[in-house]
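Structures incoming, each one as structure tokens.
Shared between the two complexes below is chain A, which has chain B as its partner in the first and chain C in the second.
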Partner chain A sequence: MAQRADLLEIPGTWDLPWTYAAGEVGSRYIEELRDNARMMATKCPGCGRVLLPPKSFCERCFVSLKGHWVELEPSGTLEAFAIVTIPFPEQREPPYVVGYFKIGNASTNILHFLEGVDLSDPDKAREKLHIGMPVKVIFKEKREGRMTDFYIVPAEE
Partner chain B sequence: MARRVAVVGTGQTPYKTRRRDVSVPELVHEAAGAALSDAQLTIRDIDAVVFGTAPEAFEGVNSPDKWAADAVGALNKPFMRIHTGGATGGSAAQAGVHHIASGLFDVVMVVAMQRVGQTPEAQRILGLIWDPIFAAGFSLNLITTVAMATSINMQKTGLTEEHMARISMKDHLNALNNPYAHVRKAVTVEDVLKSFPLVKPIKLLDCCPSSDGACAIIFASETRARKITPKPAWVIGMGGSTSVTTPGEENDEATLGRLAAKNAYRMAGIDRPRRQIDVVEPYDPFSITEIGYYESLGFCDSPAEALRMVERGFGEMTGEVPFSPSGGVLCSNPIGATALVRVAEAAMQVTGNAGAHQVPDAKVALAMGAGGSPAPGSATFMTAMVLSSQSR
Partner chain C sequence: MGSIEVSARWEVPFSHDIGETSSKFLIELRDHARIMGTKCPECGRVFLPPRAFCERCFIPLKDHWVELEPRGTLEAFTIVTDAYAPAGLPRPPYVICLVKLGGSDTAIPQTLQGLDLSDPRRVARELKVGAPVKAVFKENREGRITDFHIELMNV
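What follows is the complex of A and B.
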């Protein structure tokens, strides 16, 4: 059956603001980053896992972790990475490296950018980066209470 | 299962970049009608309806279930909506089976849909699925998450871009035999390797398209199924699992697939999947995904062996166990419907109704679903369903 090429389409947009509650544990974590340049995590008294980002509960033991804080060393390892060289809408201007990182003695990964990598030749950079490479956490001078109050760089540099 | 359940009818719309000729209700109505006519039933034969659709921002209407309820035949009937991201269709199928296995209903229609083509901002919408406290602001999208997981595989298992390209070539060739497939174009390993690099090592032809489409399946109890069709596709096993780990952590996605399959296999009496399963419809929106399934679904014991299997063409139509004879998710991805399409295709295979992409003598088929994405504060869901020409 031949289809009309001029069928109507009605335009629409969503433009909605939100404010996301960070909760007690999320607030303390972010305040420690902002005010004390400290990387804090929660530790489960049941399984002993150290959770970063911190959670107020352990999903395995299903117990509260409120008050079970530990401080982490501001260093760690690269666990996975991608070098992004094309632009995605409303995302960071390429090129950049995004990765999963294990910080201090955390049992879980955080998501962050890896800064301080020469990306003038992305293929060369890709050969240089490897899973397990040591990284360190650098706190920014000006901190505003966000996950981006710190950045991560290769520790070998 | 408390009561035996079978697929007695399936319906699919063609998968396309954009269906301008139908509204959302009309799109799902088309799939529902196709399933009813396949089963030779009318809407009066349906006791309850399960509806699946993933992020509603794709449709641009909040809770599209209320938009679509009448169009999928829910009038005066129990109705529910299921949403587990890309696993939506798999979860919806399982809910439909639960309805019947429980004894509460005899004939249930499951319809799932997505239309990704109504917005030019599909990637932006997928960029809004992350934990806003800990994971937002890092430019994460599904292509970068897959590129990150692949970075681990390449370093640790010897995976190469050629391995992934071979899977993509296979799926594209298979899609040529599926009239519903979205991308129907033969590609070579060379074409895949030379396709536009998105986030290395992921290239354009390693990725699924964004599709508009819907799928419907009618499930029935044993008594009703035997009256409806001489060839029911029996649901002999199903399983599901949820993970909150990210790539590189213990208990990652491979374990997730293993757990979902393990439960399904136990119910189905499968202990040697490589011998007992004839065809697989994996949930593989990226070419890398199928390779991971070889191990996690028990078709081999190590990632290294999985790579040798790719080299031997294990999952090709002429291989030992064909994967994605329909062309798979790599060639059609109407997100919320996609995992239901896997179940429909598995049912078509074991009843000998898969047409030009029929695997000869297929008796047992495995359909997978996967949704969510690995990131802090996010979860990944996986579903597995085993269908068979024989009841168990």
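What follows is the complex of A and C.
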């Protein structure tokens, strides 16, 4: 669009600091990652669904899941993915892969980064990834109580 | 229990495309140090800040500009004593006001300056809605609403 001297654009910035409180269930989940390097979920005694990330109650059965923790196998399948090639504010340098993963016998998906994929040619990388491919969970050496205490890699290779 | 907290900040840059009517308003402030409103030819109402159309008569006001006297009345005010995050806001304390200028039918928000704010409660008691005010233009104007501010007439 041609610049018009009779039209003004006003630049601005919102700087929004925030703090997220993970709550009881979210805190235990992250503390288990950090202290024991294990993937814990909650399981509904009513419908049997295994919820990851863990929920404090089953929204289908309205049952409190406090005290209904289960440990999950650190492996699973890729359920959906996107190769991100443009930068977003406050996010890591592209390219990277974001995916939904079903871990252990969870009934729900977890959102995370898929690492260990050669992204030098994103189009080629896309051909290598497919929904349903097996993945595994890798825990970092140094864990600090964040979702990034672990990451996901393809199980093959 | 519940001990995990994650802190971060979002920095959200944006660009506000203010459109033809507001652009003309700000450009008139910048280039001619004058306050322009729009006037509905049907109902006669004068809008400041200028509107692109009269929302009562549904008439475009594109070619219905009027220059307004840089004087008017204080319609409402707030003495701000807390700091807010957005960049560009003055350091507290400061006064935000709504004023009607040059016989406009609508009020425009602006900063009210030139007051001694060392005792905000005293200012709150003494400042009166209806007080006569004037618009004061900056020397260096850049096409922003901050190219002018409001002051009380008799100080």
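Note that the second predicted complex is superposed on the first by the 141 of 157 C-alpha atoms of A that agree within 3 Å, B and C clash if a C-alpha of one lies under 4 Å from a C-alpha of the other, contacts with A are read in each partner's own complex, and residues count from 1 in each chain.
Here is the rule we use: a residue touches a chain if its C-beta (ideal position, glycine included) is under 8 Å from a C-beta of that chain, and two chains touch if they have at least 3 such contacts.
All values reported here derive from a predicted model rather than from experimental measurement.
A.B. asks: So, does A:31 touch the first partner chain B, the second partner chain C, both, or neither?
C.D. replies: So A:31 only meets chain C here.
A.B. asks: Of chain B and chain C, which one touches more residues of chain A?
C.D. replies: Partner with more touched residues of chain A: B.
A.B. asks: Who does A:9 touch here: chain B (first), chain C (second), both, or neither?
C.D. replies: both
A.B. asks: According to the stated criteria, A:86 is in contact with first (chain B), second (chain C), both, or neither; which is it?
C.D. replies: So A:86 only meets chain B here.
A.B. asks: Go through the superposed model and pick first if A:17 touches only chain B, second if only chain C, both, or neither.
C.D. replies: Once the two structures are laid over each other on A, A:17 reaches chain C alone.
A.B. asks: State whether A:141 touches chain B only (first), chain C only (second), both chains, or neither.
C.D. replies: So A:141 meets neither chain B nor chain C here.
A.B. asks: A:96 in the overlay: touching chain B, chain C, both, or neither? Say first, second, both or neither.
C.D. replies: first
A.B. asks: Going by the contact definition given at the top, which residues of chain A touch chain B in one complex and chain C in the other?
C.D. replies: Shared contact residues on chain A: 7, 9, 12, 14, 18, 20, 22-23, 26, 30, 89-90, 146.
A.B. asks: Under the stated contact criterion, what part of chain B meets chain A in this complex?
C.D. replies: Those in contact with chain A are residues 20-21, 57, 60, 121, 123-124, 127, 131-135, 137-141, 144, 147-149, 151-152, 155-156, 197-200, 244-249, 375-377.
A.B. asks: Which part of chain C faces chain A closely enough to touch in the complex?
C.D. replies: These residues of chain C touch chain A: 1-20, 22-24, 26-27, 85-88, 143-144.
A.B. asks: Please output the residues of chain A touching chain B within their complex, sorted ascending.
C.D. replies: My answer: residues 3-4, 7, 9, 12, 14, 18, 20, 22-23, 26, 30, 53, 59, 79-86, 88-92, 96, 98-100, 102, 107-113, 122-123, 126, 130-131, 146-148.
A.B. asks: Over in the complex, which chain A residues touch chain C? Could you list them?
C.D. replies: It is residues 6-24, 26-28, 30-31, 89-90, 145-146 of chain A that touch chain C.
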